[in-house]
Amino acid sequence: MRTVPLKRVTIIAEAVLEERLLDDLRELGARGYTITEARGEATRGVRASEWEGKSVKIETLVSPEVAERLLERLAARYFEHYAVVGYLETVEVVRGSRFA
Amino acid sequence: MDALELARANLLSPMVLAFALGLAATLLKSDLKLPDALYDALSVYLLLAIGLKGGAELSVTPLRALLGPALATLALGVGIPLWCYAILRRLGRFGVADAAALAAHYGSVSAVTFIACLGFLDKAGVAYEGFMPALVALLEAPAIVVALGLARLAVPREGGWGEVLHELLTGKSIVLLAGGLLIGWVSGKPGVAAVAPLFVDLFKGALVLFLLEMGLITARRFRDLARVGPFLLAFAVVLPVLHGLLGVVLGRVAGLSLGGATVLAVLAASSSYIAAPAAVRIALPEANPSLYLTASLAVTFPFNLALGLPLYYQLARAVYGG
Amino acid sequence: MDALELARANLLSPMVLAFALGLAATLLKSDLKLPDALYDALSVYLLLAIGLKGGAELSVTPLRALLGPALATLALGVGIPLWCYAILRRLGRFGVADAAALAAHYGSVSAVTFIACLGFLDKAGVAYEGFMPALVALLEAPAIVVALGLARLAVPREGGWGEVLHELLTGKSIVLLAGGLLIGWVSGKPGVAAVAPLFVDLFKGALVLFLLEMGLITARRFRDLARVGPFLLAFAVVLPVLHGLLGVVLGRVAGLSLGGATVLAVLAASSSYIAAPAAVRIALPEANPSLYLTASLAVTFPFNLALGLPLYYQLARAVYGG
Amino acid sequence: MDALELARANLLSPMVLAFALGLAATLLKSDLKLPDALYDALSVYLLLAIGLKGGAELSVTPLRALLGPALATLALGVGIPLWCYAILRRLGRFGVADAAALAAHYGSVSAVTFIACLGFLDKAGVAYEGFMPALVALLEAPAIVVALGLARLAVPREGGWGEVLHELLTGKSIVLLAGGLLIGWVSGKPGVAAVAPLFVDLFKGALVLFLLEMGLITARRFRDLARVGPFLLAFAVVLPVLHGLLGVVLGRVAGLSLGGATVLAVLAASSSYIAAPAAVRIALPEANPSLYLTASLAVTFPFNLALGLPLYYQLARAVYGG
Amino acid sequence: MRTVPLKRVTIIAEAVLEERLLDDLRELGARGYTITEARGEATRGVRASEWEGKSVKIETLVSPEVAERLLERLAARYFEHYAVVGYLETVEVVRGSRFA
Amino acid sequence: MRTVPLKRVTIIAEAVLEERLLDDLRELGARGYTITEARGEATRGVRASEWEGKSVKIETLVSPEVAERLLERLAARYFEHYAVVGYLETVEVVRGSRFA
């Protein structure tokens, strides 16, 4: 089976940010995303215990360039004031050329 | 019933006791929790129900009877955040963002405190104007707009008002309240009578379940009480009482009945824990949520529920010479 | 009440207004949403409730009274998909899969339209046979089977009927309806009376909540209206009216009362939005969901709810010379 | 009504039929499922409702009337796990963990069987003491503690009792039952009357929905029946009957009415399927869940619901010479 | 801690396909799976916006051979008409020999 | 965007274990976690079909050392009697130094 290596970017954020993050994804070139409801805590940090509410986990398969832009956006817009975690991995995607 | 008797009856009502049960369950680290969907469903139900009932009343009320009370409500919605902000900045030495965030909360309104007040008055046999739910819808947004405006005056920021205003005016609680009012108003008393077994008869029972969940949530906030500091603790009790008194006086001036003035007092005294936190989190992210959530939810809400309701009613009786 | 009066009363009922509120909330981009679990719970409740009530009626009805109406219902379930398919293929120039998918939807039935019809008739004070819920259960599956059969005749495909039939006959709505009918029939009127405070008294209120959610969902489909094209738009309004008329006539032939014939008209005119989409998505994956979902949910359902109900009742009055 | 008549009426009640519908749906591989949140919400509701009603009764009962029945209940809670453990070890040749796990289940109590029993007695027109819900709260934990103690005696293990006891005593069902009792007791009959439309009138209907879901869950356990073995199958039917008889006798000794003794019999005969499994899974992880869950949920629960209720009532009538 | 490298195959699909995909998993040799409810969109694609409904995310830890067969099955049966995304990664599994 | 390579440890377990696993995480040095509700089956194993209940999926971003300790804890305390799956991957985390 031919697969294409892509970046999977995962963003965990307070639910109140969902709409804005999806706008960012669209603007920066992501071709799709998947959301699951989550709950979590940053056990030693301050933030998460203060703003209690649901979290969302947003995953998107994107090209390395889009991944880079997404992480930059996270750092620029959200890290200062919000409870947001972002990370990326390389995954092998079937029919992956659709997404890059 | 005299004052003490009423206070006692309120504290021992199933509704306040259910709230206490929720508190106790969390403090005892019980695994009791209500499904999120039940909480969401109950809040949709309660908001729609008060809208429907209020709307059916509106359909038999001359609209000009609303004018005075509506102006009084708007005055509260504009005034409260102004002086709250000033007090918090000057006396409390809070930063711009935190002061504005708190001002937004105390100027807006808590629908569940309002609902509990109706239950209290019904039980005490005190009549009130049927259109009061319309005032809740009216009071929800203005204070938040005023408070965010104050923050922007102090520290100009980019980004327009569009998104914030849109989110406020199309927020779930306003849509349900205003929608319920419209439905009740258009379909009238017979229309609402057809759905009364759900939306009227079950109301108090649903409130008991809702307050049980509120108790569970509130107790989780208690651990942050220490961070809130003595000034804010005092603010969260004293300001509501002053707002309650102001509400009674304005209610009297606006021509409300004794019961109606009590309700207006409760609207003024209550602080938001749904609309304001969501709006503030987006528009003032640098404000510290543990301050405004804890003050509003863990101090003012229980205070109003347990002690405020009979107190504001006594104030109204004093002012009305009743 | 005359025709216009009835149409007006229907449009201004809490049930239709709640649907409109849901539409408005989505169109205004409000964040109002009902928890999924509430929607699922309400649909379980509504289906079981109409089953129970219908079953209790069946327990005091001679079963042969059902024969004529049942045959009329089956005739509709077989006939409607046949001519819908032909019209969509010949006149509409739709492909096999899309035509069959649409035929399945319009031949099957919408339980919530049925329920709304009962509310409408109750309010208008029109009696109907108590066993009508049994006809809903009867009408749900046959049209889907016929339509899928047509698609297979046109384009043979591998894979047996087993899975499709099993899913249709054990689908949630048939199980709840048929199960409720059985429970109501076996336990009889006294059995159902014991659970009436939940399953009868709250019914209309629950329908209001359900229609609020239906409004939210329907409006999300509106953005696809453009893709549906003028032919299908017309189809989604004209065919239901013709089916309604046919339902009235067949109802009269089968010996139903005026109210019963109105209900049969609504069954014929309504299009499925639960059972058919699920079955079609599995059995005809190449059919375009945005066609059948949008036609059924965003056009036919609101049309029937707002205008169809009083219209079919007028048709019945005309046919019955009432 | 004579014995057969009562058994028939029980089997044909909406509540037992709903359970059967749930069984049938799963066995037919229907896709019917109730949202998890509905199941959770209904169990919160049912527990709180019986607590409230029991508490309101307690508020007009002299507390010493409770003493005898409470002692009888505690005796059952301590005795049942002792002989169950011995029988399972000696006669059944079960290992320590499995025997203790089963003993915990059969010594504890099933709230839903209790609730079904109240419905049965109401329908049969048999009065019972209003404070019975207090006995449910009392019977839930002791047997679990005794059974876990037996396991520790046999095979000493590290780790204190603290966590286990805490989880038992602050478990959801005890908190809701005891909390409901307190609220009902403190706010009294007038307090509970205000919320009766939700917590009293809807009770039986809610039980029907809950038993529908129980049927769905129970049938999923049926596939494990083979693994349970003939000894445990017999145990799961015979022991409940013996416990039922014992409950009747102890009820008589403790001065309960015929109806009260029937309820005590049901408490003794029922086996836990919520509190015990959760506690045992944590405290005795090496016990095989497919044994205790299947015996308790797939054998004893349906047996009690369908046949046990009328049987224990007959036993009570025999003992009371009624 | 000894771990075994395995493939984690993730499938995101419309909920209506759940039963069929699980049958495929069992048939092709997966020894277990985990499902979470998800919602998502393919922001530029056509499919996902048309068939609105819930999605499921199915994850399974399998040997490379089973992973290969699973991806082939996805491509053969589902890609044409359904909204399905599939990708794989290598993960280090404790007690991993159970799954391969 | 500078990222830090970290281990993402995923634990899938019966819901009844949630509190204990979170205690383990805190004790062993994880700085945060994210939980999603899941359901699953071990299609050929015995355990999962016996204890029917919900599962939780716990994810935590940690340093390699903490990851190692977590997996050891899983093996020592849970594998014998409970339905638990654990695995790890390397991911690139923005602002990752917070977590290690």
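As written, the chains take the letters A, B, C, D, E and F, and residue 1 is the first residue of each chain.
Operating definition for what follows: contacts are C-beta pairs under 8 Å (C-beta built on N, C-alpha and C of every residue); 3 or more make two chains touch, one makes a residue touch a chain.
Just so we're clear, the structure is a prediction, and the values are computed from it rather than from any experiment.
If you take chain D and chain E together, the chains in touch with both are C, F. More contacting C-beta pairs link the chains of B-D than the other of the two pairs D-F and B-D. Two copies of one chain, chain A and chain F, form a contact in which under half of the residue numbers belong to both partners.
With centres defined by CA atoms alone, the chain at the far end from chain E is B. Centres computed as Cα averages put chain A at a distance of 36 Å from chain B. Distance from the chain B centre to the chain E centre is 47 Å, each centre being the mean of its Cα atoms. Centre to centre, using the average C-alpha position, chain A and chain C are separated by 41 Å. The set of chain F residues that touch two or more partner chains comprises 36-37, 89. The set of chain C residues touching two or more other chains comprises 35-37, 197, 202.
Interchain contacts (touch definition given at top) occur between A-B, A-E, A-F, B-C, B-D, C-D, C-E, D-F, E-F.
By the touch criterion given at the top, residues 1, 3, 6, 8, 25-26, 30-37, 61, 89-96, 98 of chain E touch chain F in their complex. Within the complex formed with chain D, the residues of chain F that make contact are 14, 16, 49-52, 54, 80-82. Those residues of chain C that touch chain E in the shared complex are 36, 220-221, 224, 278, 281-282, 285-286, 288-290, 293. Residues 35-37, 40-41, 44-45, 48, 52, 166-167, 170-172, 175-176, 179, 182-184, 186-187, 191-192, 194-199, 202 of chain D are the ones touching chain B in the complex. Contacts from chain F toward chain E in the complex involve residues 10, 12, 36-45, 48, 55, 57, 68, 71-72, 74-75, 79, 85-89.
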